[in-house]
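The following block contains the structure, expressed as structure tokens.
We just call them A, B and C in the order they show up, numbering each chain from 1.
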Amino acid sequence: MTNSIFEKRKRISDKSMSFFIYLSSLLSVFILVVIIGYILYRGLPVFNFSYLMNTTSIINDTVGILPNIINTLYIIVLTLLIACPIGIGGAIYLNEYAKNKKFVDVISFTTEVLSGIPSIIYGLFGMLFFGTFCGFGFSILTGSLTLAIMILPIISRNTQTALETVPKSYREAALGIGATKWYMIRTVLLPSCMPGILTGVILAMGRIVAESAALLFTAGSVHVLPANIFTHVLSSGGTLTIELYLQMAKGNYDVAFVIALVLIVIVLGLNMLAKLITKKFDVHEVKN
Amino acid sequence: MENKIVAKNVNLHYGSKHALKNVSLDIKENAITAFIGPSGCGKSTFLKTLNRMNDYVENCKIEGTILLDGEDVYDEKVDTTVLRKKVGMVFQQPNPFPMSIYDNIAYGPRIHGIKNKRELDRIVEESLKAAALYDEVSDRLHTSALGLSGGQQQRLCIARALAVQPDVILLDEPTSALDPISTLKIEELLLDLKDKYTIAIVTHNMQQASRIADYTAFFLVGEMIEYGQTKDIFSIPKDKRTEDYITGRFG
Amino acid sequence: MLRSQFHIELNNMHVELDKMCHLVIEAIDRCVEAFQNHDLELAQEIIRNDKAINDVERSVESKCLSLILKQQPVASDLRDVSTALKVVTDLERIGDQSADIAELILEMDEKDSYLMIEHIPSMARVAIEMVTSALSAFHEHDIQKANEVKKHDREMDQLFEEVKLELVQIVKENKDHVDLAIQFLMIAKYFERIGDHVVNICEWVEFNQTGKVNDTRLI
């Protein structure tokens, strides 16, 4: 073997692997583009703004998804209101206060398991526990409580990961200057963790928007406009996803694709919002 | 010179590990006291007992007394917030908070209840000046502290510690992550500060101890082997182990 | 052992220093021998060898400075290096004075000049003894021995006084002996100076152990 640097070898396995990886990434982008493209292709021609303004009613002979949009937003907000304090608080406890390592491990393991359970089981539990046992019946509240349990692991896990990445030195610095533990958490840890926590929240929102099985038997599928913003909590309401499922079951593909279109717009919007907020809250980014 | 801190028979256990063995040592007021010794000898641990930073370590048990101006630091009645206002700490890695330079300095005073904007402005300016950083950052007080160089960040951390007007400043290897010039700047700064404050510094750099410290204590596997004036320790140490360590015959 | 390069260099310096001590003892030994036997050949050799002593001195100095520059020695290492730096100066002076005596021997033609002045052989004996024991004290880091050696300097000074008186007597008796008397005076003075340098070396033995010279802390 000569020792010249000009003896360039052909590394076949290297080349074929890079080609394969390149192909895989292309494929995943391609699939996404095809799905979105197909939804646009089917949804746009039949799209009409009246869908967004109307209620589906046989009496008035109107088709619309306004109540579903409202229900979706309603459930997102309510679920997050329930899940965020518990999830973030729990994560803070586990990461900053809990002294018993075994206990933390058990909780973490439980959380992992919880996030792997099929959502229909949550639905079943929610219906029987919140709906029947607690007496909330078929209602947005029952749905939100059920979803809250479902997204708790996501929020808590993300918060914990974010807390873990905050350098120990920040904690030492704050405590070393006389901050109490809670003051340190409030002023140093939480601001530093904001991007991580928000990522969890956004993921959770995605999960809420996408959910159907857990909602079918808890929040139900009613699509009437809320009479009162507060009492609406205790009435049944179907989200967009539920409505999509029902419309498909009835064979109304045009309406189904319009809903799909709206859903995709909402998901994209949420993602963009997430990016924006994360950037705004990223304390590590040096702004000069 | 007066004794600012008096440690008597301090024993510290981490679980089953006996990390400090009967350490007794007086820290003199308005002087720099250096703690040297190989890694794991207990010098940092001892430093942290002085403002109770070990409180947050699990399974950490401390016996003995540590008196600050004659008051027992480990008494049940001690408010650690007030203790740490009096005994500030600067760490090995420069650790400014991810906030503006101004907010970093104001962090401590805000904990201790200072809200007045003008008062905070004054403290921030004075602290930065005391830490010889003001001229370098005066035009960008409201930009992120993370944009500063390592040496500047460490001086910011010193300024942050000074902002609560402590009596004692503990420094845990404050220059080990810095370049030589920044290191010399920090050393100059400490020499300036000792007129007003009592300084205790843990250092791996023996030359640093000999350059700036008035007193030096040598630790070895949890024991305080020798303590005295720095010039004695580095010219004619009494203990063979001190001699062997500082001359590099073991470590 | 850590800092092995440092200790190799420190050791090299000590080897050179030992060599210098050896050369100086040899110089003073031969000097007295040449004087005793009026061995002009040997006297010539002493003068030639003085250059070797000077070379070793430079070598020790350069090694010490390089140790200070590169290794910043502390504690016993610092005392070792600074002692070496100081001691070589006195050693070199002793070597010089031996060579100076050798030069004077060359100028003398009397075969038995060594015995002409009663106390000069004693001075030579004391000088050899002082240099030899001082260097062994230095070698053994023996402060007590060094202090003993220092006491001999008084003896040396007394002998010098005696020699002076003798010489005055000789010149008084015969004015023609003035030249010779001056030469003897110079030889005696060189021996006396050697005694002073030995005292310095003894002081550095003390410093090497305690950091003090005559109870004054230097570091």
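Quick note on the criterion: a contact is a pair of C-beta atoms (placed from the backbone, for glycine too) under 8 Å apart; a residue touches a chain by one contact, two chains touch by 3 or more.
This is a predicted model, so every value here is computed, not measured.
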Chain whose average C-alpha position is farthest from chain B's own: C
Identifier of the chain whose CA centre is least distant from the whole-structure CA centre: B
Approximate Å spacing (C-alpha centroids) for the pair chain A, chain C: 92
Intercentroid distance (Cα basis), chain B paired with chain A, Å: 46
Cα-centroid distance, chain B relative to chain C, in whole angstrom: 52
Chain B contact footprint on chain A (complex, rising order): 99, 167, 169-170, 172-180, 183, 187-188, 191-192, 283-288
Contact footprint of chain B on chain C as seen in their complex: 1-3, 6, 72-79, 210-211, 219
Chain A partner contacts - residues on chain B that touch it in the complex: 51, 53, 56, 58, 80-85, 88-89, 91, 93, 95-99, 107-108, 111-112, 140, 143-144, 146-147, 157, 160-161, 164
Residue ranges of chain B in contact with chain C within the complex: 206-207, 210, 231, 234-237, 242-243, 246-251
